[in-house]
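First subunit A sits with subunit B, and in the next complex the same chain sits with subunit C.
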Partner chain A sequence: MVVKQETKSMTGNDAASYAALFAKPEVIAAYPITPQTTIVENLSRFVDEGKLEAEFIIVESEHSALAACMGAAWSGVRTFTATSSQGLLYMSENVFWTGYGRLPIIMPVVNRCLAPGWNIWPDFQDSMAFRDAGWIQMYTKNNQEVFDTTLQAFKISESKDIALPSMPCLDGFVISHTTGQVDLPDPEDAFEFIGPYDDPIIELDVENPWAYGSMTGPDQYSKNRRDLMVAMERAKKKIVDVHKEFEERFGRSYGNGLVEPYGDDEADLTLVTLGTIGDEAHEAIDRLKVEGHSVNALRVRTFRPFPVEDIVEFAKKNHKLVVIDRAASFGHEGPLRIEVEAVLKRHNVDTSVSGKIMGLGGEDVPYSAIIDLAKKELKE
Partner chain B sequence: MKILAEITDVRINGRGGQGAVTASRLLAEAAILEGQYVHAFPNFGPERAGAPVTSFARISPEPFYEKTEVYEPHIVVVIDPTLLDDVPVVEGLRDGGTIVVNYDGEKDSLVKYFEGVHANIYKVAGSIIATEEIGRNVPNLVMLGALIKVTKLVKVESLIKVTLNRFKGVLGEKNVVAINRAFEEVE
Partner chain C sequence: MIEIIQISRGGSGGVTGAKILAEAAMYEGLDAQAIPKYGSERRGAAVEAYVRFNNAPIRIHSPVYDPNHAMILDISLLDRIDISRVDQDGVIVINSKEVPEELKGTGRKVAYVDATGISQELGLVLSGFTLVNMTMLGAFVKGTELISFENLEKAIRNYWGEKRAPKNVEAAKRAYEETKVVRA
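The block that comes next holds the complex of A and B.
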């Protein structure tokens, strides 16, 4: 049965902080950076007001923020932080350490492009740089999905058979600083959904001492990485299961949790998207339909693990894919396009793929630009 | 066939520190109370006190997807009268749209600013009302009172409710008096 919820007005960053509040992390360590700052500002206020019983560790940099979370996660408690852009880069050593160390830390990344030039607006270059860091990455399309995804992330990451950190991604400003409606459940119902973290993946036990990060020879090292690959594969099913359970309890869903299709099953053209461009594409598709064009969309919600099977299945039913990236792999194409193309080739799907990189450094991507792109692709 | 959402885009022109962002958010909150769907957002980026700023509210009776910035508002609210000389406040305003200005002169003298603009022009002496009723020249919510009178975007009761929720105690009550006065005095 779907639980009672109340429609509130809040920004995307507020939504992320409410999900964290309801999850009751025991340790939060954070350093401010635009456009992330208000997430941890909210949490700091919640702690100060006594709404959240957590150790809020004020640190001097993002590197230390994640280091503090790592220590806390090793001690066996639920941990949370958030960052953006240059802050994410500055913590990069620990981002990999967290992923390869299998620590279930939840860290929303409010997507912002990378300097130079100095720019606080969104693109996905920051989180895409950590594609291979061993984190689950889920890209959201609106404020509601930020709340829902952040809550789901705790349940996914903290499962013993997964044990991977999660990076819910939200477009800077377009989500983070935009006020919209969010249906919030009671804190108790939200907490009950993820449950307490009382059987931790790893914990400090003085009776049974461990060494963390010790010298590891090639045999054990390669086994660890292969374990991580397998855990990522398992995470696909876990994401689908948690998403389904979430839907049963809260009445909202985003495709199957890995990908979200929009429009008819089969169309002349398919837009493949990530993040808020996915929502803007819906508007474009509705308007194109009024003009008699047949266009549908597949929004990749989960980028890591990559939903190979779902993309193959959707592509098989369709004729032409155009992948819209909000980041570039310099010397190649947009990262999403590269991966979609590779997956189709490997699975012998001959649906054609093209791509366009849009929205870098906060360049607005209105539905009119997507409509223009679609019409151009339909002609070719 | 799916009906496209009937969206109303509002742009609020103000100066940094005058509460343009708060105004757009409260307008959105009032619309949510009435079951409408909203986005409210600032002009993304850094803001400096006193510099011209814009904020936006996008309101629709139906759910909508679009997140693009507002280029062609249906409605413009000008919080600060000194902007009339500094900023093209009617830029992008849709043909036949509505502009509501904080202006304490005669309406005829306001109309001359908008020669050749095909729009419904309204004014209210927002700064005077704010100074007299709130005790400070902070006319952001006052201007919403005038806006909703002439556009009926939301009911005044909804705006009062979200105002009292945001500003507790005397400040909230004074703002409500000012909102009601602007609602009556807009012309």
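The block that comes next holds the complex of A and C.
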């Protein structure tokens, strides 16, 4: 049965901080950076007002923020932080350490492009740089999905059979600072959904001392990395299961949790997207339909683990994919396009793939630009 | 879908105003969105914000380019809005004692009020900036008739809390009563 919820007006960053509040993390360590700052400002206020009983650690840098979270995660408590752009880059050593160390830290990344030039607006270059850091990455399309995904992330990451950190990604400003409607459950219902973190994946115990980060020879090291690969594969099913359980309790869903299809099963053209461009594409598709064009979409919600099977299935039924990337792999193509093409080739799907990089550094991607792109692709 | 463009000077509360307007629309049963345009949000600089209302979920995330209505919180910013892009049947809501010269004879629907005067009388001044945001929301509600004053008041009270709400509600109420709506 779907629980009672109340519609509230709030920004995307507010939505992320409410999900964290309801999850009751015991340790939060963070350093401010635009456009993430208001997430941790909210949490600091919640702690100050006594709404959240957490250790809020004020640190001198993002590197230290994640280091403090790592220590907390090793001690076996629920841990939360958030960052953006240069801040994410500055903590990079620890981002990999967290992923490869299998610490279930939840860290929303409010996507902002990378300098130079100095720019605070969104693209996905920051989180894409950490594609291989061993984190679950989920890209959201609106404020509601930020709340839902952040809440789900705790349940996915803290599962003993997964033990991976999560990076819910939200477009800077376009989601983070935009006010919209969010259906909020009662805090108790939200907490009950993820449950307490009382049987931790790892827990420092002075009675039973272990060494962490010690010298690891090739045999054990390669085994650890293979374990991580397998855990990522398992995470696909976990994401689907948690998403389904979430839908049953809260009445909202985003495709199967890995990908969100939109429109007819089969169309002349398929738009493959990430983030808010996915939402904007839905608007474009409805308008194209009125003009007699057959276009559908597949929004990749989960980028890591990569939903290979879902993409293959959808591509098989369709004729032409155009992948819209909001980041670039310089010297190659957009990262989403590269992966979609590789997956189709490997699975012998001959659906053609093209791509376009749009929206870098906050460049606006209105539905009209998506319509123009679709019309051009339909002609070719 | 109703789309609104608002222009103000950094420090006068425009971004907060847009947020409260979106909340008031939500109480009206609409899906609503408020987008602040960040980048040059320094005190005194021109700041744009965009608001959308819809009776279905809003899937558009872009700024507003062709608004139904325009809100101008500082008359010196009137030339920063391309009025020709505002819907012909839309309302231009402006902080002014009279219909601005530039709009006279255009046939545009103009809702005007001396928001600066009202806010100053109520002491809504912070660091030398007159806070005209709530005042102008009263004018907007009167001029466009899209949202009831009751729902605007509810959103203002919710945002400002018990202590700070009364003055802000008073500012909106006075503007609601004093706004004149004319064909320029």
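As a working rule, the second predicted complex is superposed on the first by the 380 of 380 C-alpha atoms of A that agree within 3 Å, B and C clash if a C-alpha of one lies under 4 Å from a C-alpha of the other, contacts with A are read in each partner's own complex, and residues count from 1 in each chain.
We adopt the following convention: contacts are C-beta pairs under 8 Å (C-beta built on N, C-alpha and C of every residue); 3 or more make two chains touch, one makes a residue touch a chain.
Being a predicted model, the structure only gives us computed values, none of them experimental.
Asker: When the two structures are laid over each other on subunit A, do subunit B and subunit C clash or fit?
Answerer: When both complexes are placed onto subunit A, subunit B and subunit C end up clashing with one another.
Asker: Between subunit B and subunit C, whom does A:Phe80 touch in the aligned arrangement: first, second, both, or neither?
Answerer: After superposition on chain A, A:Phe80 lies in contact with neither partner.
Asker: Taking the superposition as given, does A:Phe246 touch the first partner, subunit B, the second, subunit C, both, or neither?
Answerer: neither
Asker: Going by the contact rule set out at the top, does A:Phe193 touch subunit B (first), subunit C (second), both, or neither?
Answerer: Neither partner.
Asker: Touch check for A:Tyr31: first (subunit B), second (subunit C), both, or neither?
Answerer: So A:Tyr31 meets neither subunit B nor subunit C here.
Asker: Report for A:Phe303: first if it touches subunit B alone, second if subunit C alone, otherwise both or neither.
Answerer: neither
Asker: What part of subunit A is shared between its subunit B contacts and its subunit C contacts?
Answerer: Common interface on subunit A, subunit B vs subunit C: 7, 9, 120-121, 142, 173-174, 177-181, 276, 279-280, 282-283, 364-367.
Asker: For a test of understanding, state which residues of subunit A touch subunit C in their complex under the given definition.
Answerer: Where subunit A meets subunit C, its residues are 7, 9, 35, 120-121, 142, 171, 173-175, 177-181, 276, 279-280, 282-283, 364-367.
Asker: What part of subunit A is in contact with subunit B in the complex they form?
Answerer: Within the complex, subunit A contacts subunit B at residues 7, 9, 120-121, 142, 173-174, 177-181, 276, 279-280, 282-283, 286-287, 289-290, 362, 364-368.
Asker: With touch defined as at the start, can you tell me which subunit C residues reach subunit A in the complex?
Answerer: Touch list, subunit C to subunit A: 18-19, 22-23, 26, 31-36, 38-39, 58-63, 65, 155.
Asker: What part of subunit B is in contact with subunit A in the complex they form?
Answerer: Per the touch definition, subunit B meets subunit A at residues 1-2, 4, 24-25, 28-29, 32, 37-42, 44-46, 64-69, 71.
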